[in-house]
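One chain, chain A, links the two complexes that follow: it is found with chain B in the first and with chain C in the second.
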Partner chain A sequence: MKAALQRFKGLPFVRLIGFNRVVLILIIFLMYGFFTVLTPLLRNGSSFVNYNRVLSAFNYAYFIGFLGLGVTFVIATGGIDFSIGAVMFCSALISGYCLTKFHLPLWLCICISVCVGAAFGSIGGYFVAFRHLPSFITSLALMLVAKGVGSIFTKTQSVTWPSSDPATSWYRDLVKWNGFPVGFVILIVIAALCAFLLYRTKAGRYMLCIGSNREAVRLSGVDTRRWEMLAYVMSGTLAGVAAIFYVGAYTTVQPGLGDTFNNEAIAACVMGGTSMAGGSASILGTVIGAIIVALMQEGILAMGFTISYQYVLTGLIVLGAVTADIISRKRKN
Partner chain B sequence: MNEIILSMNGIDKSFPGVHALDHVSFDVRKGEVHALMGENGAGKSTLMKVLTGIYTKDSGTIAYEGRDICYQSPREAQEAGIVIVHQELNMMGHLTVAQNIFIGREWKKGLLIDDARMNEEARKLFQLLKIDIDPKETMSELTVGKQQMCEIAKAISHEAKIIVFDEPTAALTDAEIEQLFRIIRDLRAKQYGIVYISHRMDEIKQITDRVTVMRDGQTVGTMVTSECSKDDIVHMMVGRVIFEQPKTKSHVPPDAEVVLRVEHLCAGRMVRDVSFELRRGEILGFSGLMGAGRTETARALFGADPRESGAIYVEGHKVNIHSPQDAVRAGIGYLSEDRKRFGVVLKKNVTENSTLASLKAYVNPVGVINSAEERKITEKMVKALKTKTPSVDRMVMDLSGGNQQKVVLAKWLISNSKILIFDEPTRGIDVGAKQEIYELMNRLVQEGKSIIMISSEMPEIFRMSDRIVVMCEGKKTAEFDVSDATQEKVMNAATREIAV
Partner chain C sequence: MTKLRNNSLIKKLGVQRLVITGVLIILFVFFYAMSPSFRKYSTIVTMTSYMYYIMLMAIGVTFPLITGGVDLSIGTGLVCYSIVGSFLMRQMGLPIWVAMLVTVGMGIFFGFFNGIIIAKLNLPPFITTLCTMMIVRGLGSILTGGMTGVWPMAGQDGSWFRDLLKYKINGTIYPVGLVFIILLVIFMSIVLNHSRVGRYIIAIGSNKEALKLSGVNVVRWHVMAYVFSGFFAGLAAIAYAGTFTSITPGTGAGLELDAIGGAIIGGTAMTGGSGSIVGTFLGVCLISLLKTGLPNVGLQANWQQIITGSILIVAVTIDMIRRRK
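After this line comes the complex of A and B, so read on.
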């Protein structure tokens, strides 16, 4: 048994994506099977095996995935960002308001969404990297700011966009085109770019090293502040991207919400093998983690439970994943 | 002579690779101040840690008040009456003086803490010690000297019979030292046994009755203080035979180009007006005792800590160093004494660590790393420095201390540093690897690099340096050419008391 496991771990494919990721992929299939069996039992006649369910789970996975990718950079540097959920909603509200009330062109609104996210990321990054504030406090404060700014901008009204106007209907094709999950392709492409940035460029190298030993990096003559700030900018920017896909999937954004999604994004991140201690991160793990979170949400709703169960489970997953991370790091030392 | 209250006999203690205490004997009488002296690493602290139960001894006996003891924790020792007043004070700044003194054993009135009673008891203690401190004062409001007196009061309140002072005057002003000495004399008159650890020779002469000198984990001897001279003590401290061949004269011609000139460098309390020059191809040794300000000088020079004033010239040009970035750009590399914290990124591999200071040279214009080039230069360095690692993809965490040091060195060589600061280059490195590091340093200076070497080990200083700068309490106290230097001269300069 042990020998077989060792041999499995030695397979080129497993070595490439990491054993943990393989386990996570297996978990996805297990979960799917679990929901398939349980849903008809709990809700008479209802079935989980349904293409629409998959698309619905994907809808959820997109924005959680983008949020997770962003926060992966921050966690890689040893920080945390609790503002991303609220920032995503703030981006969506502001850009949506620009479209519906100011009638700006759609492409511009999409840019605005990304820019709003980047702006929040820059502010957070500035305070953490240049002013040495704890990332925990900084991001909690920005969460409040983002929540408030979104509400103020829209005069506390929910925004629904895009309209069914043919001029803006291409927007929804970004997420789903004739039943094909375009969003998933975009998620994978952006994740690949993130992976390239993190593992193959100077910026990514510095971010990971900063998360592992900031002082040693600084004493090597690297301006650690710039690169640490960049991680938060990435986080904010990707929250802006997440907003695009949230709107594309659900169309309506309400002010004052959104802050529960950070936890799911962070859960996706730590589940995927990004260490909360900083210094090591898995982009692929985050994407798989986002799919698990989304599938879990879909399954819970399909089985007839309320969203509150999702919160409980997400919380427990974070506890479990971080505990596992700490145990494995202790064993390594 | 008074009766012996504490006697430690044949104490032996080993750590992996180090024989820290080698059959050490030490005793304390009632009503005496017994000085414990020795270089850094001589074993003074280890001995005191064995006494107070922080370490357990491998063999030997400790007799206290006629009974054999072996404490398992500092708390046990404290309860029995053996207390250390530490160099760094363990006080909680936001609590009052009285709350600090009685922490963990507060008087209670029902469920509440009886502050009035505590203040009263503290007042009594201070009266006993003839010190003027308000027990209700917040601890952080007091000067360091007064905080230390509170520690002493706390020790007395534990009904201590033996009080160990670990470099008590390091942070005190002259007036505070006077007061401390008065208290110590009072305690002596009250028949306390006092152990006094200090590097300051003048204090030893002033306050202690006997002095025991330790060197390399052994006791060299115990003398009555009034019967020995300062020179006798210095001689006992350094009187080891240096097995390695020391340099007899500088290898650098006197007209060699000055590559680094530091003028009037000031940074905080630990770097006060330090000036020196470094020539091409020279190894400049920085000697001194722990806390002399050598590391702080290096860090200020490297831009790691802010400096208040001073000018730095590299190859004759004034350079503005405000951050390590500036220093690296000026061609300076710093190999920290604490490799794991400040030198390597443990969880990254040899390649990533080696190019950390020069990654700019291995990326294309958009910042993508050229892994092949990066690997090539790292492999070249691994070969040149004979770093023992299975591959350049191995995490630095898995390498030995000596090989980690080589990775840090590779980092600075790849970034083309001309001036290398080695801070305790062989700390935590085994003997064989030490030899290799020395050879590397000699090779580097032959190739035209210049080295500043901070070392607390006298043999290392004499073996490697062309010139020696000695620091004491943040100031440069002497500078010798290696041909004029002797261990006694260096130790004298390192223990020189500086008028405040």
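After this line comes the complex of A and C, so read on.
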């Protein structure tokens, strides 16, 4: 048994993506099977196996995935970003308001959304990297600011992005085009870019090094502040991207909400093997984690439970994942 | 300036607390002069009833902050506890004192839960209490079937718990809750500064390793800090019920930031090891004053979140600069 496991771990494919990621992919299939069996039992006649359900789970996975990718950079540096959910909503509200009330062209509104995200990321990054504020308290404060800015900009009204006019609704094709999940392809492409940035460029290597030993990086003459700030800017920018995919899937955004999503994005990260202690991160793991979070949400709703169960489960999963990470670190030392 | 600092009275109160008291007085005079609606007695009473639950949470969260941690679960926690309490009263027909006991008991339970995970398993406090925040957010509606929690209104059976906060004599409302708050502040100050548990909690924040090496059971006192936080969140749940009567499940996220902000303004260090309950009291007074006063001088209610967020960042930045010196 042990020898078989060792041989499996040695397979080139498994070595390429990491054993933990293989386990996570297996978990996705197990969960799918679990929901397939349980849904008809709990709710008579309804079935979980349905292409629309897959699409709906994907819709949720996109924006959680983008949020997760962004926060992966921050967690890699040993920080945390609790503002991304609220920033995503703020971006969607401001750009949507520009689109529907000021009638700006759609491409410009998409740029605005990304820029709003980047702006919040820069503010957070400045205070954490240059002013040495604790990242969690800074991002919590920014979460409040983002919620407030969103409400004030839209005068506390929800914004519905246009969905019928082809001239102003092509953004929906980014999510789904004739039933084909385009968003998934975009998520994979952006994830690949993030992986390249994190593992193959100077910026990414510095971020990871800051997470594992900040003092050593600083003493070797690197301006750690700049690279640490970049992680927060990435996180904010990707929250702005996530906003487009959120409205692409659901069209309507309400002010004052959005803070539950950062918990789910963080859950996707830690499940995927990014360590809360900083210094090690897995982009592929975050994408798989986002799919697990989305599938879990779809399954819980399909089985007839309320969203409250999702909150409780996400909390327990993050606790479990972080505990497992800490125990495995202790064993290694 | 140095001479002034060495004055015994000032030394005892602390410079920062004197500064906050000064700011409080200036702001009060400013709002009093600028806004006629602020001058009404009822505005002051409203301000105190919004202050109670923030104050209780803040007194509690000062303890984890002093250990160098934080408790983010108190905001959604108090909503959850108070919904479960009202459920026991309305659906189970239990007397109100049982409901109040259960409300506080749940707070203690989740405080203990946080404490064990943080102290025993060494998980980062902010991520642990974030998870608890999510768990209690969902738990309130799961346990009660998603119903809005309703506590007895004035004049109904069991509405005596409201008299603990506001007492009405001949049509005038007296904010008696303030008396309890001040007594609690004095009592908890003594606990923090002159009891074993308080001294150990401060020591955990300043040098945990040294405390451990001197043979103290660090885990036990570390857990106690979070139990305090949970207990006060439970008390805050009752004060919240007294202020708002009906409570929607799943809300409450963000309330903890008012409390944490109050504690930080009051001089509790984010890095742990120092803090004071009197400072927390003054900090929360400042936040409540701003929250009540600013809408009265024409700032929309929407600005409140931005104000709280900015105060938080400014307070932590000042704390960081002060400690760098």
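For the reader, a short list of remarks on this structure follows.
In the analysis below, the second predicted complex is superposed on the first by the 332 of 333 C-alpha atoms of A that agree within 3 Å, B and C clash if a C-alpha of one lies under 4 Å from a C-alpha of the other, contacts with A are read in each partner's own complex, and residues count from 1 in each chain.
Keep this in mind: contacts are C-beta pairs under 8 Å (C-beta built on N, C-alpha and C of every residue); 3 or more make two chains touch, one makes a residue touch a chain.
On a predicted model such as this, the values are computed, not experimentally measured, just so you know.
Superposition model on chain A: chain B and chain C are shown accommodated side by side without a clash. Contacts of A:192 after superposition: neither chain B nor chain C is touched.
Once the two complexes are overlaid on the shared chain, A:308 sits against chain C while remaining clear of chain B.
More residues of chain A are touched by C (comparison of chain B with chain C). Of the two partner chains, chain B is the only one touched by A:223; chain C is not.
When the two structures are aligned on the shared chain, A:108 is found in touch with neither chain B nor chain C. Of the two partner chains placed by the overlay, only chain B lies in contact with A:200; chain C stays clear of it. In the superposition on chain A, A:279 contacts chain B only, with no contact to chain C.
Applying the stated contact rule after C-alpha superposition, one finds that A:5 touches neither chain B nor chain C. Look at A:30: by the touch rule set out above, it reaches neither chain B nor chain C. Once both structures are fitted on chain A, no C-alpha atom of chain B lies closer than 5 Å to one of chain C.
Judged by the document's definition of touching, no chain A residue lies at the interface with chain B and also at the interface with chain C.
Interface residues of chain A facing chain C in the complex, by the touch rule stated above, are 80, 82, 127, 131-134, 136-138, 140-145, 147-149, 151-152, 156, 259-260, 263, 266, 276, 306-312, 314-316, 318-319, 322-323, 326.
Residue ranges of chain A in contact with chain B, taken from their complex: 196, 200-203, 205-206, 208-209, 212-213, 215-223, 279-280.
Chain contact summary for the complex, chain C toward chain A: residues 70, 72, 117, 121-124, 126-128, 130-135, 137-142, 146, 249-250, 253-254, 257, 260, 264, 270, 300, 302-306, 308-310, 312-313, 316-317, 320. Contact residues of chain B toward chain A in the complex are 302, 304, 323-325, 327-329, 334, 336, 341-348, 352, 356-357, 359-360, 363, 366-369, 371, 411, 415.
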